[in-house]
Amino acid sequence: MRFCVFGAGRMGAQHIANLAAHDTAVLEYVCDVDLERARQLAGRYGAKAIAEPRIALDDPSVDAVIIASATNTHVDLIVESARAGKAILCEKPIDLDLARVDYCADRIKDCDVPIMIGFQRRFDATHMAVKQAVLDGEVGSVEVVTIISRDPSPPPASYIAVSGGQFHDQMIHDFDMALWLTGAIGRLELCAMGSNMVDPAIGELGDTDTAHVMIRFENGAICRIDCSRRAVYGYDQRVEVFGSKGMVTSSNLLKTGVERFGAANTGARDTLLPSFMERYLPTYATELNYFVDAVSNGRKIESDFRSGRNAVLLADAARRSMTSGELVRIDLGS
Amino acid sequence: MRFCVFGAGRMGAQHIANLAAHDTAVLEYVCDVDLERARQLAGRYGAKAIAEPRIALDDPSVDAVIIASATNTHVDLIVESARAGKAILCEKPIDLDLARVDYCADRIKDCDVPIMIGFQRRFDATHMAVKQAVLDGEVGSVEVVTIISRDPSPPPASYIAVSGGQFHDQMIHDFDMALWLTGAIGRLELCAMGSNMVDPAIGELGDTDTAHVMIRFENGAICRIDCSRRAVYGYDQRVEVFGSKGMVTSSNLLKTGVERFGAANTGARDTLLPSFMERYLPTYATELNYFVDAVSNGRKIESDFRSGRNAVLLADAARRSMTSGELVRIDLGS
Amino acid sequence: MRFCVFGAGRMGAQHIANLAAHDTAVLEYVCDVDLERARQLAGRYGAKAIAEPRIALDDPSVDAVIIASATNTHVDLIVESARAGKAILCEKPIDLDLARVDYCADRIKDCDVPIMIGFQRRFDATHMAVKQAVLDGEVGSVEVVTIISRDPSPPPASYIAVSGGQFHDQMIHDFDMALWLTGAIGRLELCAMGSNMVDPAIGELGDTDTAHVMIRFENGAICRIDCSRRAVYGYDQRVEVFGSKGMVTSSNLLKTGVERFGAANTGARDTLLPSFMERYLPTYATELNYFVDAVSNGRKIESDFRSGRNAVLLADAARRSMTSGELVRIDLGS
Amino acid sequence: MRFCVFGAGRMGAQHIANLAAHDTAVLEYVCDVDLERARQLAGRYGAKAIAEPRIALDDPSVDAVIIASATNTHVDLIVESARAGKAILCEKPIDLDLARVDYCADRIKDCDVPIMIGFQRRFDATHMAVKQAVLDGEVGSVEVVTIISRDPSPPPASYIAVSGGQFHDQMIHDFDMALWLTGAIGRLELCAMGSNMVDPAIGELGDTDTAHVMIRFENGAICRIDCSRRAVYGYDQRVEVFGSKGMVTSSNLLKTGVERFGAANTGARDTLLPSFMERYLPTYATELNYFVDAVSNGRKIESDFRSGRNAVLLADAARRSMTSGELVRIDLGS
């Protein structure tokens, strides 16, 4: 299976390294508008550097693409790649604008290619263990899902300015987590609240840094999502699924297993893994394995286009709820 | 300090036992409409049994009353006791009906007696440690408060029918906890969602067993409350206060300190204290100590009438939000 | 069941309070050489104060005695009480001198009275859960038992001087714990090491404050005991039983369930229960219930005279090993 | 810095992969008596395969060697490499026979080359955090060190037969850990006990599978080591350092952060990392970094030849103690 990777930035480099280490996948092209940057990465792994996507899309030896370029290029690259018959692994989000997502869906509706949206948290070993426990019926019928997602420290204002806002940039992962863990479909109602408490610069850009959402699914299950742009104790990533038979949680991962016992307190553990990179880096290789395996064997991909659209749908609804101060009702379809 | 206890039921008996064990408090009367029940308790501790409150209220040797009778008698007993100049410790809630609470406030507004509402969780050693940490500035400015409150199993339908509903009966403690921990005043907005997922009998009575509330306080802090009428692993009582400098939590108390390590998992701890009684029993003695001390020394009582009113105010707002499907805005005053 | 309590000190007062609260037991006499002290306790519970044991032993209405007087009076009181046909609950140790223990055994060998030695840790809820797990086969065949027993701070030198030394005073509880948990009989070999690291005053008295013992039982199982006279984080009481099917531990109990998460560490829990009193106070009531129940129903008492002798036997062996610098072999019999 | 790696087995392959990933180190030769095996590894990284150590040792471009061949070849390779002026990183143990270790020391005493013995656990992030806490004075003066080291399952009898026995094969790591954490020098006394409880095949070979050692250092500190060849809950690696100011522990690392709460127990965590490979794999890269850095910058190597000899000295003493049933006294020198 031969790949072209679009985007030679941080995420692209990660995918490229995983492709190099993969047993059966082969990196054929690295494509970036900054050709020099593409060359540096391609050179290290014996691949071709290009600035023009068409070259790879027209090359029949290319089976699949990984889209890790800027968010606003995703839709066009998905459409072009799908129409060229390539299997697609695209970083989240499909687009910040639901209308563009739907335009994309419309343009590719006749293309029968595998499409996977890169919700890499689904491939985190701990989250996977929680999902498996839910599937195994350990919690019985799911009644409450709680997701806490706190960054160690806020990004720079320049990033916030183009991020799409806290719901679309940070909480979008948690929306996907909520839908993945519950398997929710159908109608839901959602209420969002947000504040600017961490960094005034974020408030000046009209964004929040403390955002909470409460969702009630059609079957009555309730999901709460708690996002913050800052937690001094590290990258806080917790999930709790509660139901009729008990509770399963995804607890935080720590830097080391050291513990301290003193006159002030006991069992004090190390701080959490410090950031997104330490926590979720291993997931990208697992995600790639899943993608290659699913495409090769014609298996259904779970983290599909619709999953990507649903996450944007929820982010939109959350923003609308917070702005209007009203509950919002949407329908995910059947 | 000489007491009359109104109500010889489970709560009354608890207060009576604590009075008997108290160094300076003296139990003078036990009053219950069921005189025989009053006699049994009074006899054990050498107190007088009465069926008529007036007798105790007219007795100048009585300094204080504990009102542990049925909820619908609270308002009248508060009014009568206050007008008789007795210090008052009244079980929560003041009344299920906010109008009655306000009527009560109006009737006693000229009475200068100490009044304490029995939010006993404020006297739980673990919750107190969290509150102290907040006061000590350990979490910095408080941004998020999360309260999880799950009963081990649902009460009988007969109880539900007269309980006032999940917000007024179960979550009222959590509303008080939220206000106590944050010291919140002023305006707030609140969104409530509820479901009937645990016991169909509860749904048939028009009540919920799974209820969630999200509150945004005037300063931007957000509070989430998660109540369920059933948790198979025991009486789940957790509080988490998150802020600019870190997080302090009130974690669950377990039956014993045994831990198990096997082929399936490790560090498996005992189940939680099984119910309200095991968890909060010790708080009643602490609460009584606080009341006697505050009254004797003329110190301000924190868990006061207004606290009791505020909790009902929030429960009303929550019910209104859930029923209407809309955010509700209220003002706690300054 | 009517009791006489010998000894009106701290332990006696505890037993007396538990007798008062017991449903069927009745406190008849409090006996102490300091008659005034006896009177104070007896008066509070409507019992008779005596200075002369004979009075109670000759009273046929007395069914049982609790011996909580000074250690050097235990043997005589056991002998006298047994010969008077009273059921006996005696605080540990029987005596610091094994020869005296054997003299005692010889003198009472024809008395058919129930005798229980007060190893109250056997009645701690957490340790009991570990024992039950062992009995239930959860750990399979027991291979390693680890006992850690650290006091919060060293006792005064005056106490050390008459304590019998760290093995007989502190570790004697752990020797009993080891034998109780393993049900060990037969031969064993034992190696002891000790140091004076905590308080020079202890070393000047020829005693240790840091003492370790390693025991190999006849079936090959190995037990390690780790005692210290000081742990700044509280009263450290841990037991770990490891075997072919897993491990069960008795972990420490904490003051509260508060946990802290900050820039330096996470999940920092409260300190341990501060001392022996907080940790083991509830065990005395459980122990009394067990004694009353066993005597009333003619059930075999597990914590019997032989258990008391075995603990002294091990303490003697440990002291001998440490002093001689050699392994010591003893036989507990079949 | 250019390397020759002796031994193309599992450990050699690991070192070779780490060399390939290292920024400044260069793999020049892979040497193995099985030339084909050497070729496979060398080919993958563009290095030369040789069967004859002399070739590499005579090549002046080679700066350093990693000795990862069979234990019985270590001494000769150390001697040859040292005399050829190469920096040496040699897997533990130097040799199973202390006489051979001393012979080796004698042969290289005039060679001024850096020598490091591969006690890789010193480079485990959690153990390092404990060591750092000790250095920072967090535990005050160290009084007790407890090391628990349990393999998930026993190795095959064929391995046991040539392993040198449990003290020299398994516990040798723990002896080094004890000396590293305490910085102990001078005289010590040691008592060892062992049993065959896990696998009869091990007993038939005259070896133990359950071995315990208690060491008293010259300053009075006591160290206990607990080794087993089987723990059903995973690879159990714990260290606890207790002292005048508190305690710091190296707790186990788990497969994932999933936790379960049910009717039987709560907070049940995942099993431990399953084996040596998962737990200690990352340490080899850290170890290599340390070696390259120390050699390049002429810094003292902590895990030196004497450390390697001391671990064998303790293993010898432990075997002697267990066999003789007596305490053994040795002197580590000043």
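Letters A, B, C and D mark the chains in the order given here, with residues in each chain numbered from 1 onward.
Simple rule for what comes next: a residue touches a chain if its C-beta (ideal position, glycine included) is under 8 Å from a C-beta of that chain, and two chains touch if they have at least 3 such contacts.
Everything numeric here is computed off the predicted structure, so don't read it as measured data.
Asker: Given the two chain pairs B-C and B-D, which is bridged by the higher number of C-beta pairs in contact?
Answerer: Contact tally favours B-C.
Asker: Please flag the chain sitting at the greatest distance from chain B, going by CA centroids.
Answerer: D
Asker: Counting only Cα atoms for the centres, state how far chain B is from chain D in Å.
Answerer: That pair's centroid distance is 58 Å.
Asker: How far is the middle of chain B from the middle of chain C, if each middle is the mean of its Cα atoms, in Å?
Answerer: Going by mean C-alpha positions, chain B sits 41 Å from chain C.
Asker: Which positions in chain C are in touch with at least two other chains?
Answerer: 232-233, 245-247, 252, 260-263, 269-270
Asker: Could you list, by residue number, the parts of chain D that touch chain C in their complex?
Answerer: Counting only chain D, the residues touching chain C are 141, 143-144, 146, 150, 189, 191, 193, 195-198, 210, 212, 214, 216, 220-222, 224, 226, 228, 230-233, 242, 244-247, 325-327.
Asker: Looking at the complex, which residues from chain D come into contact with chain A?
Answerer: 125-126, 128-130, 133, 138, 245-253, 255-263, 269-270
Asker: Mind listing the chain A positions that touch chain C in their complex?
Answerer: It comes out as residues 232-234, 252, 254, 260-272.
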